[in-house]
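Scrolling down, you'll hit the structures one after another.
Next come two complexes, and both contain chain A; in the first it sits with chain B, in the second with chain C.
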Partner chain A sequence: MGRYVLKRLLFALPLLWLILTLTFFLVRWAPGKPFRRERALPAEIEAHLDRHYGLDQPWHVQYVNYLRGLARLDFGPSYRYPAVTVRELLWRGLRVSAPIGFAAYALALGIGIPLGMGAALRPRAVWVRALMGLAVFGVSTPNFVLGPLLVLLFSLTLYWVPPAGWGEGRHLVLPVLTLSAAYIAYIARLTQSGLQQALAQDYIRTARAKGLRPRTILLRHALRPALLPVLSFTGPSLAFLLAGTVVIEKIFAIPGLGHFFVQAALNRDYTLILGIVSLTSVLLIVLNLVADIAMARLDPRVTFR
Partner chain B sequence: MERLASITVGLLLLSACAPPAAYFGKIEPPEEAVLRVGNGADPASLDPHRAPGSVEEQILINLFEGLTEYDPVTLEPIPAVAEAWEVDARAMRFRFHLRRAARWSTGRPVTAWDFVYSWRRALAPETASPNAYLLYYIKNAEAYNTGKLKVRDRRTGRFLRDEFGRDLLLTAEEADRIRRGEGSDAEPRLQRLRRRLEGFVWEAVSLRAEDVGVRALDEHTLEVETEVPTAFFLKLTSLGIYRPVPREAVERHGRAWTRPEHIVSNGPFRLVEFTPGRRVVLEKNPLYWDAARVRLERVIFYPYDEATTLLNLYKGGEVDVLVSGLLPPYALRLLRRTRDYVSGPYLLSYFLLVNVRRPPLDDGRVRRALALAIDRERLCRRLLAAGQQPLGAFTPSDFHGLYPRPKGVAYDPEQARRLLAAAGYPEGRGLRLRYLYNAGALHAQIAEALQAEWRRVFPQIRIELIAQEWQVYLETVRLGDFDLARRSFSADFSDPASFLDSMLSTSPNNPTGWRNPDYDRLVQQANAEPDARRRMALLARAEHVLLEDMPIIPIYSSVASFLRKPYVRGWHANILDRHPLKFVVVERTATAFDLQAVTRAR
Partner chain C sequence: MNALMNREQSVCREHRQDGEEPSSVRTRAPLQRPSVLLAIGILALISAAVVIGPMWLSYGYDQTDLDLGLSPPSLSNGHYLGTDILGRDLLARLLYGGRISLLVALVATVLSTVIGTLYGALSGYLGGRVDDVMMRVVDLLFSLPYLFLVLVLMALFAEPEVVDPLIRLLRWHPEGAWAEWLRGPGVRMVLLFVALGAVSWLTLARIVRGQVLALKNELFVEAARAAGAGTWHILFRHLIPNASGPILAYTVLTIPSVMLQEAFISFLGLGIQAPQASWGTLVHDGVEAMSVAPWLFIFPAGTMVLVLFCFHVIGEALREAWEGRG
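Showing the complex of A and B:
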């Protein structure tokens, strides 16, 4: 398995390089510059700023310098926040986005899996149908509608939780609810169909015939394979959640990676854009790998190659 | 997507709202003396010399105290680090007497040397300060900052002047080429310079930091010499870029000196936290000389830029006051009826840049016709709910009657039709114009409204609206690739010159291609005029020239408009939207702020 992991990671390196290179040139190609604002700067001052940040160099020189820095994990200074480094911003953003992402996904799993099991086992029960309906409402309502609706109800009418902001536990409530809503229905459906398939398999009948307790059959023999689709769905979903969700962070004024990504793009903060792109790519690659490994652990039919 | 979100909340807010003339949302003063401000964006830098705009200024004027401070209502200079000052008769020499009690947060006294160091640093080319131009009134400041050379007459040892009485400035390249006798007819500036220098034995001199006209006479006396008479100099000394920075911290920590763990400041507050995207937290500075007067213990600035989110936070009682310009336009009509709403005049002009470099707008009649065809009254009434005023001139105010502002253009469709027909476009036939604006709800609405206004008067005109993302828009304007482009300009200090300087032929903020020597001369003359009334008259004449030529089409003047909880005192609407927090109080006692009474009253 060690060799397999190594191989995957080695394959990931050229991919990362390609992503970074494309991003590097694309952002420089976009019209505008990091220091441009409505008030135009005198030419001499702009020249000083460019020199200070090495932006007066030709692109290929900047590119080589950037890659050199990156080799030492130095993402450079942010153009938007001169007193802060990109590495620091990434770390801060991740520390905000990751808890929200984890919490939202955990909540989605916690509701989605039991709900999916319920739907597979007792598809006609009233509670299953009610909750499933709610979940479908959650997945079909865009988060930029659901978020404000929740704000209106819980913050501006009931005054229970703050409508936006970051720093205390109570700030987590609405973004996590909004974010998980989109995933609950997915997870429930994946669990449901997986479980229905698994329950129809011959080995389940064998297990029943052996006289195993229904509980053991369900939890040990049916659920394990049934959750494989959920697991493979988890890798990329979690990567996107951890890397920050632009809309949610905007609506709830959360200083996470998604927020910085948008700001960086609008401000042409070249180094910050590149930093976030690399972090997101790494997260995506690693979490996909972790999901694959976990799959192999759960399913004896999958082997490392 | 965001627009959809705002509309969703907007509609719901409107439907769920309180009767008129009540307060908006939750009114519960914070437990401690804390003020929570919605500030609209993250500060790019808290270094007074590197901070680009008003978002930063709002915070740093409370961290760093200048020679003078803004009066919270009138914004006139009031004593701060300087307790007194003298001005000579020609308004060229200013002497400031510094307060002995003024201290840095390390305990070290603030001295005249701090200001000398700071202003030199602000002007140093390496600092690359975006606002250095605000210091150019000081002697030799511009030459030092831009690296330009002054020209010394070797016989008298004096600097040569240009036609406006200012010292002549040359780039090194220009000096070389004049020496070598180069310069064709295609380069009028070089020609003019050569003519000016003829007959002189001259040398080009580069200026150093020591040459900048600011000196410490002793520890507590600062003397400033200006390039030309500058009657309004004391309006400048409250600006962020004029505030002192702590040499020891700057030199030890470099770019990182403004981080909370390194920063040293001399104002009523000190920085305790800056988390990008989340907040900036200030705390009362116990070593401040006037600390007894400061009533707030903590101030939190929130950087959120989403207008709906900020409004939600305000309504939910998480924010106590918003700086101007952050209210969502869709909610204005409702918010204006609440008692939280505060508004007042604000020095901001909304206008169109006109590209005079190419046809058809190189023809002054076409420009004037377009300006005359806009019914600004209707536009303001229908579209701009905050109380914006129709604007016919470039400057948005008469500065309390001190400035004889020209009337400018008014709605006159007949005259507009005549002018356009005379220019060869009867009814607008054959006239196609590209109107550029940055994507955003308000700018789009204004663009569409103007399109309709023009069509009403000239049925055949074709206006193509082009919306661009902010940075793309800035670049397009800079390159001059437009016919008309929307622009707004707010004053740096409360004086018409702050606007008029921006249309000088040398200004980087004039991308219209318009240059008029008469205009330049009048503005430069005015800026060197010691007598305040004559100076205003000269500026008004300059503005008149500008409005005759119409390289800009004025639309409206803005207002300061924001929400303020009833328990916040000392935060006023003023023409630059500056709010020194030294004077702000959060009332929490029942007598000073009787919540029951306010709620019951309405």
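Showing the complex of A and C:
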């Protein structure tokens, strides 16, 4: 077990380094300069700004300084809003994005798993078919279409919830619904196929031959292996949800990490871009690792290598 | 919930029976399914409209008429789908945007199919250590947050000088009309081709590799090798043609996913720029004006979802046909 975790970590660290290096050079090689706007600055001022932020140094010095800063969790000041550090912006964005992401994923699990169970147990029931059809619709409708559609229906026609904004509980309703739609559908399908496979196994027949109650068989014996794919799907999806979903935050005017990222990209705010990519990569790698370890612990068939 | 669990036993029996006799729907050829034929028909109709439609219209995609801003769909004034805030005809913009959306999707898909097929076939055929390294690289690329990288690429690299090497490569005259176009609106299209093509080939590479691994020890490959055929000949004449089923299925499935990503990037304002249009930018403009002019959102969004759905239906049918046979 300990060796397995160590091995996974040894694979994760080079990956993290690769992502950070790739982003660093992508940003550095881009044409244009961070402080060049529509109105040109006098050459001396630009040179002074470059010197102040260390941009006049050779690239390898900048690269080493960047990695050193990262090791201390210091991303430097935002180039666009120099009064604020990137770390502070990341923290502010995360405090907004993470609750939405958690709520959306919790909702997706809460609806997706029962729906998938229903689909596996009663594949021909009318309500199951209707809901699974809706799930297919949820997967094939992009969220930047689904979100406005919900706004059109629930805000502009029925006046139930505000169309956009941030600060109160009711502002959460539409973003969370939009965000969870695709995940509900995906989790339902994973649960369905997992449960169907599990129910066809020999040990289920054994359990039934022992005379166990159907409820016990379903919840104790069949559901546990059936949910393993859902668990491994949770790692990466939760990472992307926590890091803020660019489109949802744009549609609903939510000041989260995804919103910051698009602004940073449009403003050439190099330090903020690097900060957000680093945070996302770390979340992605850590949550994938946690999901894999949890999976290995729950599934007796997995051996640690 | 209780009823669910009581049903469980009988479902188990049903399930086993299902396993014994393969269902007839699964194994039906894709072209015999009504849903696939309908999807192909819809796509053919939309493609035809997008290609020849703009020639028939009396309005250009960038022709403004401020007196007729935000007029709802009507048959009397010739704006059948209404106009946007600048009085531009929505039908003209929808068709023109369709050209760009379809073009980006097709070019990026072709690019990703070529890369994925070559990479996967080489990896599988060469085998051994080369295969190990090549597949590790694919694993690594799979775990990149590539959407963020694509957004960074689109935001930072959309400058005229980026395409200068391409103009030199194509030997176009630097001041000619084509070069001018490429430096202007062309930059973002080229970036979209490259960025989306470069990130969409990973799944296909894995599938082609699997196919090649299964095929490369067959007798016909050995016969070809005994007859003195080289690596490239065997790859292109024997292995890749034999893997054409899954390649076709995944190519068709890549089209909607690339199209969706283009729309997503353009929706965020980092893709195609006004006055050019794609379905993504039209949906974005529609969302902005949704409370006063819902048609600006409904028609582009509806068209895009319909096209995505049709590609999905065809691609899934091809994939099932291939998996059912194997």
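Just so we're on the same page, the second predicted complex is superposed on the first by the 302 of 305 C-alpha atoms of A that agree within 3 Å, B and C clash if a C-alpha of one lies under 4 Å from a C-alpha of the other, contacts with A are read in each partner's own complex, and residues count from 1 in each chain.
Criterion: contacts are C-beta pairs under 8 Å (C-beta built on N, C-alpha and C of every residue); 3 or more make two chains touch, one makes a residue touch a chain.
Everything numeric in this text was worked out from a predicted model, so none of it was measured.
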Just from the overlay, do chain B and chain C fit on chain A, or is there a clash? clash
Determine, under the contact definition given at the top, whether A:Arg268 touches first (chain B), second (chain C), both, or neither. both
In the superposed arrangement, which partner chain does A:Tyr81 touch: chain B (first), chain C (second), both, or neither? first
For A:Leu152, select first, second, both or neither according to whether it touches chain B, chain C, the two together, or no partner. both
Considering only touches as defined above, state whether A:Thr280 meets chain B (first), chain C (second), both or neither. second
Touch check for A:Arg220: first (chain B), second (chain C), both, or neither? neither
Of the two partner chains, chain B (first) and chain C (second), which one does A:Pro31 touch, if any: first, second, both, or neither? both
Could you tell me if A:Phe144 is touching chain B, chain C, both of them or neither one (first, second, both, neither)? both
Just chain B (first), just chain C (second), both, or neither: which does A:Arg297 touch? neither
For A:Ile45, is the partner it touches chain B (first), chain C (second), both, or none of the two (neither)? first
Can you tell which stretch of chain C bumps into chain B once we superpose, 8-16, 26-34 or 278-286? 278-286
Overlap of the chain B and chain C interfaces on chain A comprises residues 30-32, 142, 144-145, 148-149, 151-152, 156, 163, 247, 250-251, 266, 268
If you look only at chain A, which of its residues touch chain C in the complex? 15, 18-19, 22-23, 26-27, 30-32, 117-118, 120-123, 140-142, 144-145, 148-149, 151-152, 156, 163, 196, 199-200, 204, 208, 214-215, 217-218, 240, 246-247, 250-251, 261-262, 265-266, 268, 273, 276-277, 280-281, 284-285, 288
Mind listing the chain C positions that touch chain A in their complex? 2, 4-9, 11-12, 15-16, 19, 140, 143-145, 148-149, 151-157, 159, 161-162, 260, 263-264, 267-270, 283-284, 286-287, 290-291, 294, 297, 301, 304-305, 308-309, 312
For chain B, which residues count as touching chain A in their complex? 1-2, 4-5, 8-9, 12-13, 16, 25-26, 42, 44-47, 50, 52-53, 125-126, 128-130, 132-133, 145-147, 255-259, 274-279, 302, 304, 306, 308-309, 312-313, 315-318, 469-472, 474-476, 478, 487-488, 508-509, 511
Which residues of chain A touch chain B in the complex? 30-33, 35-45, 48-49, 52, 77, 80-84, 89, 92-93, 142, 144-145, 147-149, 151-152, 155-157, 159, 162-167, 247, 250-256, 259-260, 263, 266-268
